[in-house]
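Structures given as structure tokens follow.
In what follows, chain A forms one complex with chain B and a second complex with chain C.
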Partner chain A sequence: MNKLLFMLSSLLLLTFISAIAGLHFGPADISSNQVLQCILGSCENQINQMVIWQVRVPRVLVALVAGMGLAIAGAILQNTTRNPLADPYLFGIVSGAGLGATIATLSLGDNLSIALPLAAFLGALFAITIVLLIAKVLQRIEQLLLAGVAVSFMLGSATQFILYFGEPFATNRVIFWLMGSLSRVEMNNFYVIASVLLISIIIIIALHRHIDALLLGDESAASLGVNVDKLRLLMLALCAALTATIVAYCGGIGFVGLMVPHIVRQIIGVTTLKLVIGSALIGGSFLIWVDIIARSALPNAEIPIGIITSALGSIFFLFIMIRTRNTN
Partner chain B sequence: MRAGKHQNTMSRQLQVDQLSWSINHNSILKNISFDVSKGEVIGIIGPNGAGKTSLLRCITNQQQNIRGAVLKGSVYLNNKKIKQYSSKQLAQHFALVAQKAEAIFSLTVTDIVKMGLLPHKGLFALNDDHDKAQIKRALVKVGLAHAEKKMFNQLSGGEQQRVLIARALVQQAQILLLDEPTNHLDVYYQHQILNLVKQLKVTVIMTVHDLNLASQYCQRLLLLNQGQLIADGTPVEVLTESQLSSVFKLPCQVEQRATTQDPTLHQPRVFFSLPPEQNSTNSVGAQDE
Partner chain C sequence: MTKIIKTLLALSFISLSVFSTFTNATTDKPTIIALSPHIVEMLYDIGAGEQIIGTTSFADYPEQAKSIPVIGNYLRLQIEKVITLQPDYIIAWKSGNPSDDLARLEQLGFTILYSQPNSFADIAKEMREFGQLTGHKTQADKKAQQLLNELEKITSQYQNKTAITAFYELWARPLTTVAQGSWPQQFLNICQAKNPFEQADLPYPQINIEKILLTPVQVIIQPLSVNQTDREGFNWQDWPIIPAVANQQIIQPNADAMHRMSMRSLKELKKLCVSIDETRQWLHKKNALIEH
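Moving on to the complex of A and B:
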């Protein structure tokens, strides 16, 4: 127990340090002292004040909640489907969001302020609705993931079809959006994501014993009084809403939900409460650091954040596979 | 004929009344009725496909939700229809120990025993010291106090069964249902588990393949065949040569042996053999599962 407490407080500290570190990086040259002063409320000049509070703080905060949300969504999907490879992205959520974003961008042109996230969100909900309908017909959780992959490809091909015939400039924009970026986030994006995240966490805490019961099989959970079908549907919907909200503002950021819970299981535990708290802290810190890399790796350009998470994620995954093969 | 009948109706805990279950007009269970008194240890026996596991599931209203399935008749728990209980209340009364549990991820023994708290906990309630003591007591009772931090999947089949029984103890259920508790176990663990189950002082209903184990550990047996309750009574009453050979379609011999604890109490031992003309042909069919 003490070890667990130690682990969690270290992670909390890590998250805090990551957030502070995130505020230091950026194209504007602001010293550590100045950054600290600005955070504490006494900024030397107006420009720094603006850069810190209107650019960097929202960006770090959105990275934090987006990382938390994606990691939690992955953790919950993995526990409720009893599949360590489940990830919100495999359920067609991003392809759905991509389709929505594509249609909005190509039909509305430049007036996209609120339309893009809204269309992406609706697209994501559309995708997950199809997956859930299929799930209801199949009634087999083993097949749910495959259904998600199928839906994902279906919507992906629709998106590509539209893009292929679309206007090149708009097409470009969609493609960049799909790669994921935190460069345009604002403070109100943070409020929206944080609210959805908070509601999700409250629901998960309330139902953590029920989700745990699923880990030993549906029959076993049912004998403990769990309504398995309802619980699984609720959790899928919750993960969908969480991911859709994040994707709507940040675009495609893959592999976080797959990678982070995997690490948490190794160092903290597999039961839902531990897994979700650990995933939130590690996921949040992780995405802040990835965003720091995205901002500062190249001198005069930003790398789309989704490219980095996918690159890291795929390497991590191969590493895990090789390691488990060796231990077996 | 039946042990339960002579007992006072006040101690009647469970009553199964004309229970039938069919899927697309295929009868799985046909018109089954029996009463269970508090503290009885009951074995459900019968050939594969007789409906043993289905009966276990239907008792707790957990029959599979299959299209075309129709459940008729009623089950009463403490004289109240089981359908009037919520699933949470049912979980406070019944605990199920499945044939085999496969844990995904590295769940520890404690993680699994802790699951038994679920039916007794509110949504935001955390585990207190009382809960922890209860988990500890359950593990001591099943002889696994030393293994609380071990990974469930690394335990032997017998130990896994004992973990599940510890979970049932934490669940504080008064009726313990076991589905083939000895199926994956060697002889030593078979006896260890059944002995443990018998000592728990709760009502036990379990499906058992091995008739001799059933005879040795159950006060009362229910013999099922093709969904019908063929016999209900003490092992001496149920395990008769004529009944068994007709149900299992094999000639058999039953020998009455005095039990080790009480020489006046007889315990039937059952021996099956293939008739000589079939012995030479394919005998693989006799091996089930």
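Moving on to the complex of A and C:
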């Protein structure tokens, strides 16, 4: 218990330090003292005030909740499907969001600030609805991921077909949108993502013992009084809503949902409550640091955030495979 | 002696005051962030280049433009840097800049003007607008008129020439050309070069080489960018069956100059029309020789 408390306190501290660090880095040259002054409400000038409160604070907060949301969605999917490879992105969510974003970008052109996230969200929901329908028809959980992959390819090809006939600049923008970025986020986006995240966490905490029962197998869970199908469907819908909201505002940020829960299982535990709290803290900190790299690594440009998470994620994935092989 | 010193002192004061008036006049003029290479070129054309305080990647002409701080590229702008620079105006390229970033900047209180030239006449129109905006109205009007006069001259020089069939290679991999609604199509129209793919549904269609083999292409236009490190286009020498390749009629204009909507593109139009006309005359001579 003491070890667990120590770990959670350390992770809480890490999250706090990450958020503070996130406010310090950026292309505008603002010293630590000036950042501190701005946070305390006495900015040296209006430029610093604008940079800190209208650019960096929303970015850090959205990175925090998006990282938390993606990691929690991954953890819940892995536990409810008992598949260590489950990741919200494997259910066609990004492909669906990409299709929505493509249609919005190519048909509306300008004034995309509201239409783009809305279209991406609807696209993601469309994808997950198809996957859920297939899962319901098949009645076999092990084929859920395969259905997700198939839907993902199907929607991806529809997107590429539309892009092929699109205006070249708009096409490029969609492709880069899919790589993910936090540069366009505002405080309103934070409020929306945080609300969905909060509701998801409350439901998960309320049902954490039921989800734990699923880890023992469907039959054992059913014998403990858990309605396995309903619970799994609810969790899948919850993860879909959470991921779709994040993708709508931040674009495609892959591998966070896959990678973070595996780290948490190693250092904190496998049961749902521990996993969700640990994933939230590590996922949030991780995405803040990835965003710091994205905006500071190159002097005159930003790196799309999805490139960094996918690069780190793939290395981590290979590391897990080698480690599992050695253990076996 | 005292008289000379007094005169020198007076002259120094006068030059100092003239210099200070000039400096003030320069600093009084609005500062601008120009969000595309063609806008930067246009502003230098009208004499407002020194007022540019930020731009995007690839703005490398004229030479002075290379020292302008870069604040992003056509996909993403660094909002923080824009805030730090505090420009009076941001001139954006409507179809070539990220609309979400521009919406954000507008929300933050910046004044954004748009550039979207679709023809040479549009360049002249925008030059006049930017001249008014930047305090260089006289030079801008002069340059705009010069552009229109020059365009008129080139158009009338070639309008009665016999059209020859040309293939315009926009990109090599995948092989892509231009059609109606694209910027380079007007170059072909003015120079009397017939584009066999002009009626395609897309402005920049991808073309199968088989289609080109079936078309009697008399000249190939293969613009190459100075920024292209390998300067490698499509390898036409593999297809000697195409008349243009067999006759070595491949023109390689400067892609940057052609595709950036500024005074420079007009100069490139002139050069292209001359090259196409040389091919036309060469073909004419060849045909005359065969008939003879």
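Just so it is clear, the second predicted complex is superposed on the first by the 328 of 328 C-alpha atoms of A that agree within 3 Å, B and C clash if a C-alpha of one lies under 4 Å from a C-alpha of the other, contacts with A are read in each partner's own complex, and residues count from 1 in each chain.
Methods note: contacts are C-beta pairs under 8 Å (C-beta built on N, C-alpha and C of every residue); 3 or more make two chains touch, one makes a residue touch a chain.
Source: prediction; values computed, not measured.
**Q** Would chain B and chain C fit next to each other on chain A once aligned, or clash?
**A** Here chain B and chain C can both sit on chain A without a clash.
**Q** Does chain B (first) or chain C (second) touch A:Ser285, or do both, or does neither?
**A** The answer is neither, since A:Ser285 touches no partner chain.
**Q** If we overlay the two complexes on their shared chain A, which of chain B and chain C does A:Ser18 touch? Say first, second, both or neither.
**A** neither
**Q** With chain A at the apex, figure out the C-alpha centre angle toward chain B and chain C and round it to a multiple of 10 degrees.
**A** 150
**Q** After superposition on the shared chain, which partner residues are touched by A:Arg184: those of chain B (first), chain C (second), both, or neither?
**A** A:Arg184 contacts chain C only, not chain B.
**Q** I'd like to know which partner A:Phe169 touches here: chain B for first, chain C for second, both or neither.
**A** After superposing on A, A:Phe169 lies in contact with chain C but is clear of chain B.
**Q** Pick one for A:Thr80: touches chain B only (first), chain C only (second), both, or neither.
**A** A:Thr80 sits against neither chain B nor chain C.
**Q** Of the partners chain B and chain C, which touch A:Gly225 in the superposed model: first, second, both, neither?
**A** Once the two structures are laid over each other on A, A:Gly225 reaches chain B alone.
**Q** Pick one for A:Met50: touches chain B only (first), chain C only (second), both, or neither.
**A** Only chain C; A:Met50 stays clear of chain B.
**Q** Check the superposed model and tell me the shortest C-alpha distance between chain B and chain C, rounded to whole Å.
**A** Value for chain B versus chain C, nearest C-alpha atoms: 42 Å.
**Q** Which positions of chain A sit in both the chain B and the chain C interface?
**A** Touching chain B in the first complex and chain C in the second, no residue of chain A appears in both lists.
**Q** Okay, in this complex, where on chain B does chain A touch?
**A** Residues in contact with chain A: 60, 62, 86-92, 94-96, 98, 101-107, 111-112, 114-119, 121, 123-124, 171.
**Q** Applying the document's contact rule, which stretches of chain A touch chain C when the two form their complex?
**A** 26-29, 47, 50-51, 54-56, 109-113, 116, 165, 167-170, 172-173, 176, 181, 183-184, 186, 295, 300-302
**Q** Report the residues of chain C in contact with chain A in the complex, numbered from low to high.
**A** Contacts found on chain C: 57, 69-76, 78-81, 83-84, 86, 94-96, 98-101, 103-104, 108, 201-204.
**Q** Which chain A residues qualify as touching chain B in the complex?
**A** So the residues of chain A in touch with chain B come to 79, 82-84, 205-207, 209-210, 212-213, 215-217, 219-220, 222-227, 265, 269-271.
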